[in-house]
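Input: one structure, supplied below.
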Amino acid sequence: MSLIFNREILFKTILIKRSNKLTTFKMAKSSFEYVKMFELDDTLLPNSWIVVRLDGKCFHKFSEDHDFSKPNDIRALRLMNYAAFSVFKEFHDLLMAFGQSDEYSFIFKKHTTLYNRRASKLLTTINSKFSSSYVYYWSKFFGTYNLKYPPTFDGRIILYPSDENLIDYMKWRQADVHINNLYNTTFWNLVLKGNMSPTQAEKRLCGTVSANKNEILYNEFHINYNNEPDIYKRGTLLLRKIINNQDTNKTYTVIVDIHDDMLKEIFWKEHSTLLTVKPSKQNFIHIGPITDIIEEQLKLKEPSE
Amino acid sequence: MSLIFNREILFKTILIKRSNKLTTFKMAKSSFEYVKMFELDDTLLPNSWIVVRLDGKCFHKFSEDHDFSKPNDIRALRLMNYAAFSVFKEFHDLLMAFGQSDEYSFIFKKHTTLYNRRASKLLTTINSKFSSSYVYYWSKFFGTYNLKYPPTFDGRIILYPSDENLIDYMKWRQADVHINNLYNTTFWNLVLKGNMSPTQAEKRLCGTVSANKNEILYNEFHINYNNEPDIYKRGTLLLRKIINNQDTNKTYTVIVDIHDDMLKEIFWKEHSTLLTVKPSKQNFIHIGPITDIIEEQLKLKEPSE
Amino acid sequence: MSLIFNREILFKTILIKRSNKLTTFKMAKSSFEYVKMFELDDTLLPNSWIVVRLDGKCFHKFSEDHDFSKPNDIRALRLMNYAAFSVFKEFHDLLMAFGQSDEYSFIFKKHTTLYNRRASKLLTTINSKFSSSYVYYWSKFFGTYNLKYPPTFDGRIILYPSDENLIDYMKWRQADVHINNLYNTTFWNLVLKGNMSPTQAEKRLCGTVSANKNEILYNEFHINYNNEPDIYKRGTLLLRKIINNQDTNKTYTVIVDIHDDMLKEIFWKEHSTLLTVKPSKQNFIHIGPITDIIEEQLKLKEPSE
Amino acid sequence: MSLIFNREILFKTILIKRSNKLTTFKMAKSSFEYVKMFELDDTLLPNSWIVVRLDGKCFHKFSEDHDFSKPNDIRALRLMNYAAFSVFKEFHDLLMAFGQSDEYSFIFKKHTTLYNRRASKLLTTINSKFSSSYVYYWSKFFGTYNLKYPPTFDGRIILYPSDENLIDYMKWRQADVHINNLYNTTFWNLVLKGNMSPTQAEKRLCGTVSANKNEILYNEFHINYNNEPDIYKRGTLLLRKIINNQDTNKTYTVIVDIHDDMLKEIFWKEHSTLLTVKPSKQNFIHIGPITDIIEEQLKLKEPSE
């Protein structure tokens, strides 16, 4: 109500002020300030899941310019995870993040009021922190290999009203990893080890189903696709977990990077509290092998928030 | 029309597919793909100016953490300009960019159809490229002085229907530079040279107008504010200009960084073609002293686009 | 994709065509058709409840101009219900409608794809049909008493992601009826029977709670508020129900107007299928006294959809 | 700012209140009031033309159900104009309205702050008043011929940033009248006087241009299309004009309905002040033959606003 009132007053004030000669910068500024009114409200619907998905722009070229290994470059994937971790650490209202290839999805707590749920604010702060982190931590994973130019990630916001929709979103992105990775693994084996040209490999794979690709890998390259690393087959999920340091008998909230199968219902049963309960109330869950991300946090030995 | 049709089909297909047992990942993926429908269209109104403004998040702390000189750190300003230049170079539909302190505004050509004017795409690609460039080019301006952590910039999009609105926006941001810089210059002289505490300096300046601050600077610190560098007093405007290399007799489109007074009507008269004509049709305009940005482009000696 | 393509083509075509002299109206029309591009998409988020609420504009004056009885005019309420019924009958995707005083809320099935969930279409068709029906059916309830001028209703759309939110919305509107009706009943008894001026009545009620008002009504006017008609105390809910005509042994889907207490959990338990199942699958539910609305439908004796 | 604060407070308050047992309706209401937060802001961009266009829903059927004359029913067109006049009279911020067939466009003053430029409010009040007026004034034009059911109009809002865009919109709608009316006039003459079936008439007209249709009308039915009434060929434009009553020597602002050719540039030159100056500053303009609309206003003899 008061906002509305001020707006009208402001507008009238402007019209009056404009006709006077400006005497100071302050007056000058105030006579242009009406342009602030053109910023429109972009508050997101309450009680719905907010997903921010980032995608690398022209990353096909970027990966060639930086000699990424094919079909997967573990350094590049770990850098993506680390940039996401850098975002996750800063925004406590993030519940999950899921990444693969050159994309990362960030999921906020359903009831987050961060930036009053303003779409632009949520979208750009995640996007910016991820982008700057990607460059900042490049050498941590690529050592002295130079980053040739600053990369660009685009971003979008999607709302999901129900838990089922959100879970289906997570499954959709993970099913995408499966399909792409099986294709890419077969394709690049045909090219790199099978001495096919990319065009020949593409033709060979045209019309094949999963079973066919598995067979090609097994029969021709002695690769059991099931034994491929989970990070390649399933992407990476970031979550917050509480762990107990037995030396100090203190609990810590750490961010963990896991590669579980989210397409199986058991995953969502085991993580049933994830969508409903605050992370700090979760019980201890075995977190598997120590990764860079966890190790770094354990070193800090900071008490749980 | 066809889009709408597909949507409904898709929705019905989903409902059917869900009830079947999934046999392959491809089927799995397609049964979750309905979640794409939740992405809503955010196309911006045609025939209106699109402004993307970025602001540093918590840059007060960031500037302290990195020992920025007060009231202005020329390295930090030049880095901001360079990051903006990096964005400007990549997005040919950008017409102008104006920066000061920790903020930068990017103005697209009125009729741009880049990304079909989708708000998220325009906002995030500018935001991301700027953020990654800030880190990438840090050492170019700060040398061996370490960047302690990746910075974050938020961003917003504002539409302006008329040229007058856009010009007033530019004036508004530049009037802001004037006010802030005069205040900060006086404040920091009182603190750094006048041995006042920040609280004392704040009190001293409370209620003063421009004339008072000019007097303080002149009488107490022998500083003629008019002689302060234009980059501090007026911020930086990036534009495209055509220059003629007399050695080769070729023309080049270069991005120039100028510090002109946009509050004066003469600026807009002299740049009257800016808002109406494509940059490539502009006449040659003397571009003043060679800066990092121009020098770098001239080295490239690439023919004008 | 094709849409986007056409758009750009269209835009370019326009620019070319404009410069030619128009020779026929068809050409003339096509050269202006670009203005269609300014219509932006307003599709509503899928999988969320769509509520359209209409409110009478200046109905305080309207009710005075038409000598509505105070505190409630049964003719006016029945006309509101009948206009809502007219809307409800036409839009099969409406699940519920709730009305009181000069407002009516319409709730669409969660998964409706009517008008592809375009906000303006949904909002205006409901709003228009209601408004025209209000005038059309006026004499059905007011007889020869003249409608003095056409009334105006404004409308808005609100989305609710969860069933709980929607139920709370319904409760909120019904709690509003309770509060207003108790106040109005007491106020108008003080004025009409207690010979108080409106100002005196207002003062008397200032700061009173429900219990106080109940006491005033009972002690001073021998009115047991609990015995007031439910339509006054609780407003009107429209639903679709299936009834069995025992003469013909056929089932009919009829729209019923009920006045149940939606604030009690038992209501939502008894109507648990309402939010989840299609109306046509509901079991028979006793529908209480025959109202105009039901009677009219029974006369039609049309088989259930 | 205070709004934001209240929101968070409200949300927290709700969570607390919910767990308590509700004791009064007021408390009940306040615990559900959080659902108000789901109403999102839909303020329209300032400094742009707001066009509200209404279209009859299923008016092909409606016109058949009410035996409208073909190709044009003058009663129906005059009723449309009168309903639009009823809207125009109520909303002083309306600058123009243009109607044809079963559609009407309403154009607000560029700087209107009516309802703080909230899209839903502007859209629905126009839509509702028009719809209720259509029914209310039916008998004024159709006499004792009964309206069989309440009609429905849908509505949409379109923004135009520049005067040129708005003028092109007006031209687009009028070019549409030309094309449709020439086609319909020829089609119905072929059917009604030429004894063709609708299918035959359609075939005959397939592929014809304006000139062909003019020839058919002239050669076969002795109709000079140029002599057809302007209201059929050009639709109706509502404007406010000031007229001088010579008897009383007073000026009046009246709403006039004109049928000028908006496709000609001279129209916009003669009305150059229309888009820039308030109607009350317009000079007297001869308003042509007295229509129902003007006559009615003159009878009122109210002084100009």
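In this document, chain identifiers A, B, C and D correspond to the written order of the chains, with residue numbering beginning at 1 in each.
Convention: a contact is a pair of C-beta atoms (placed from the backbone, for glycine too) under 8 Å apart; a residue touches a chain by one contact, two chains touch by 3 or more.
To keep track of the chains, here are their UniProt names: A, B, C, D = Probable tRNA(His) guanylyltransferase.
In this text, all values refer to a predicted model and were calculated from it rather than measured experimentally.
Enquirer: Could you run down the chains that neighbour chain A and chain D together?
Expert: Chains that touch both chain A and chain D, as defined above, are B, C.
Enquirer: Taking each chain's centre as the mean of its C-alpha atoms, which one ends up farthest from the centre of chain C?
Expert: B
Enquirer: Nearest whole angstrom, what separates the Cα centre of chain A from the Cα centre of chain C?
Expert: Here chain A and chain C have centroids separated by 43 Å.
Enquirer: Based only on mean CA positions, could you tell me how far chain C sits from chain D in angstrom?
Expert: 25
Enquirer: Counting only residues that touch at least two other chains, what does the list for chain A look like?
Expert: Only 38, 45-47, 159-160, 165 qualify.
Enquirer: For the complex, which residues does chain B have touching chain A?
Expert: Its residues touching chain A are 24-26, 28-29, 32-36, 38-39, 54, 57, 86, 90, 120-121, 123-125, 127-137, 147, 149-160, 165, 168-169, 171-172, 175-176, 178-179, 182, 209-210, 263.
Enquirer: Taking the complex as given, what residues does chain D use to touch chain A?
Expert: Touching chain A from chain D are residues 2-4, 7-8, 11, 37-38, 40-41, 43, 45-47, 113, 116.
Enquirer: Residue numbers of chain A touching chain C in their complex, please.
Expert: 45-48, 159-162, 165
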